Amino acid sequence: MAEAQRYLPGLPEEEDELDEIALDPRLLEEAERIAEALVFASAQPVSETYIASRLPRGIDVGPVMSRLKAIYASRGVNLVQVADHWAFRTAADLSFVVQTDEQEIRKLSRAALEVLAIIAYHQPVTRAEIEDIRGVQTSKGTLDVLMEAGWVRFRGRRRTPGRPVTFGTTRDFLDHFGLEEIRDLPGIEELKGAGLLSGRVPSNLHIPVPVGEDELSENEDPITQMDLEELGLLTPKAEEDD
Amino acid sequence: MAEAQRYLPGLPEEEDELDEIALDPRLLEEAERIAEALVFASAQPVSETYIASRLPRGIDVGPVMSRLKAIYASRGVNLVQVADHWAFRTAADLSFVVQTDEQEIRKLSRAALEVLAIIAYHQPVTRAEIEDIRGVQTSKGTLDVLMEAGWVRFRGRRRTPGRPVTFGTTRDFLDHFGLEEIRDLPGIEELKGAGLLSGRVPSNLHIPVPVGEDELSENEDPITQMDLEELGLLTPKAEEDD
Amino acid sequence: MDALWQDAPVDRGAHEEELVVDIAGFEGPLDLLLHLARSQRVDLSRISVLALAEQYIAFIERARSIRIELAADYLVMAAWLAYLKSRLLIPQQAKDEGPSGEEMASALAFRLKRLEAMRDAATRLVNRSRLGRDIFARGAPEHIVPEKKSGYDASLYDLLTAYALLRQRQAITQVTIEKRHVWSLADARLILARMVGTLDDWTALDHFLIRYMTSPKERATAIASSFAASLEMVREGRLEIRQEGAFAPIYLRRGPRPIDAAMLAEMEAARG
């Protein structure tokens, strides 16, 4: 520990305790900084030979690494030696902090993105309408994923024969995508302007202005507890659509 | 630096110099190690809120991060703030030694770079305003490229007639260009002072902006030769104007 | 009639050599103006806008004389500058409430300064120490910080791209007709609105319009559309038109119900 303190920047160095060869302390400090940065930025453990090749002339890599190792020994991150290679690792006693007890973050599939976008723009929208827009059947799994993500919810039931369930987006959806309100979704002109839609869009391509998320529209009924139970039982035939 | 040293593990702490609330120095040290491990272990900036949630009870995250930042300020790896997030990054002056040939950095076109700068300095900014500043239409694909790079995002809509969509920069933008916050943009204060950022040209001093492509809008038919002949009768006689 | 359409006598040879600047190298008329302003070698706040306008117009004239195809926006700017020049040269009348030539000139100078400032800012930005080039992140990250509650990740960009592609895919079956080079009525109306919006006095605007805004290929459509649009605007009270006699110049001025800034903004928005 005393070894480490000696070279810590900002601490006074005692001249008389330096190594036999009177090395410029600034050069040593620079060497430490270089070694540190190299090991930090590397995807793999870095060989001592490679580090040595990058240090200022006349600096011995061994003592530099030992000092660095000592400096980091008590910190949250340790410098460890693997064979003749060096790497940074989270201190063993802190692994509980870094351990990803959280679920893995998954990317949404293309199908799920499409369905989510349709729900966002066309809400309130029924499953049949989603399929009509996409031109393919939507698997139950896709909607489940969006529900699980917390971005999509049952809004109500359409007052049409069969009383199909309507879908809409949630508050979490807005939060996640950084939207203040659903109307902030860009329209056709803006999608074009941003280069997301090509300029040659047929004149009949209509992108709706999404309507507010909370109030039910005229032709919707609220979802009841009974509906929910029913929905849970009703497992639509599932066919992967991608 | 003095502040930093005081809590440096392994250094004796002077009890009488501690904050009013007599915090257990071991607890503070532990908090530092945890914060350090969390941020060090991630390639992406870590939110201060998240770090705070992982610290021992009763520890204030702000001072912990400031001390860590000071400790690492002179080292080869620095603790940097990106908006309300923290990240470890190699020191800028070591660029020459860490650089390898493999690194590939996205080359932006001059136009894209100019649009990026305008968005950064003028945000939130609409596409019409970007075009007003540049005096040209934004070609398709420019905003697209910036959004794909993750530097530019749709921010929201301007509360003016037509509710145009506004653009702004992202945290990745700050991270990429080594900025703590938008206020750190080079020269932004001088530009503001010179009225070059807020100053909109009064609308009655409008200078023409290009009309853009010669496409017909949806509700128009092309003019036929016959129309022209018909209209040709009405063609004003003109004289040379100089 | 034909005199107007005759191109200025082509003076090849000597002048052709002078025009070394490649118009395609410029990003629009403002960029070209900025380039010309810099050649005055003074601080942008002290440039002579009149001299600049003359240089620009001369540049455009030369480009046309050697038959370089110019994009419409260069011509729009030429028309505006020609108008500005006339405002700067003719003393302002007392009853004239519109912006003076000086005000218009300072607005132009402001825009040039602002564009230059953004250019400089872009340069400074790109020359900063950049992540992945000069500054590096942890090469071997040990965990991913769970920022999101949902366990799923997607950006707004992903979402919009997916939606745009989907909608476009469906629309692909649509027949598209080859684009024709015409001025639509909406174009003409917008151009007229922009140019006449601030005129209090009778101006023979067709001079500017026809002389600078059209390439030979476009003339028929430009005249047809702008004339039709002007008649429509007269009917709406946006414009007034005066003509002394058959084939005399046509003068335009602001009508009793002029197009205000908000309407103009709306028209521009509609035009996309």
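Things worth noting here:
Every chain is named by a letter (A, B and C) in the order it is written, and numbering of its residues begins at 1.
To be clear about the criterion, contacts are C-beta pairs under 8 Å (C-beta built on N, C-alpha and C of every residue); 3 or more make two chains touch, one makes a residue touch a chain.
Computed from a predicted structure; not experimentally measured.
Arrangement of the chains shown, judged by which pairs touch: all-to-all, with no pair of chains left without contact. Chain B has the Cα centre that lies closest to the mean of all protein Cα atoms in view. Summarising the inter-chain layout, the chain whose CA centre lies farthest from the centre of chain C is A. Ranked by number of C-beta pairs in contact, the top chain pair is B-C. Here the CA centre of chain A is 18 Å from the CA centre of chain B.
For the pair chain B and chain C, the distance between C-alpha centroids works out to 28 Å. Per-chain CA centroids place chain A at a distance of 41 Å from chain C. Under the contact definition stated at the top, the residues of chain C that touch 2 or more other chains are 136-139, 142-144, 146, 155-156, 160, 269, 272. Within chain B, contacts with two or more other chains are made by residues 38, 40-41, 88, 90-91, 98, 147, 153-154, 164, 213, 215.
Listed in rising order, the residues of chain A touching chain B in the complex are 1, 4-5, 8-11, 32-38, 40-41, 54, 74-77, 88, 90-91, 94, 97-98, 178-180, 183-184, 186-187, 190, 192-196, 198-199, 203. Interface residues of chain C facing chain A in the complex, by the touch rule stated above, are 136-140, 142-144, 146, 148-156, 158-164, 166-168, 170-171, 174, 176, 269, 272. The touching residues of chain B, counted against chain C in their complex, run 38, 40-44, 46-47, 50, 87-92, 95, 98-99, 103-105, 108, 110-111, 113-114, 116-118, 120-121, 128, 133-137, 147-148, 150, 153-154, 161-162, 164, 175-179, 185-187, 191, 194, 196, 199, 201-217, 220, 222-223, 227-228, 231-232, 234-241.
Taken in their complex, chain C has these residues touching chain B: 1, 3-4, 27-31, 33, 71-73, 76-77, 79-80, 82, 98-99, 103-104, 107-108, 110-111, 113-115, 117-122, 124-126, 128-139, 141-147, 155-157, 160, 179-187, 190-191, 194-195, 197-198, 204, 206-208, 210-211, 220-221, 223-225, 227-228, 243, 246-250, 261-262, 264-266, 268-272.
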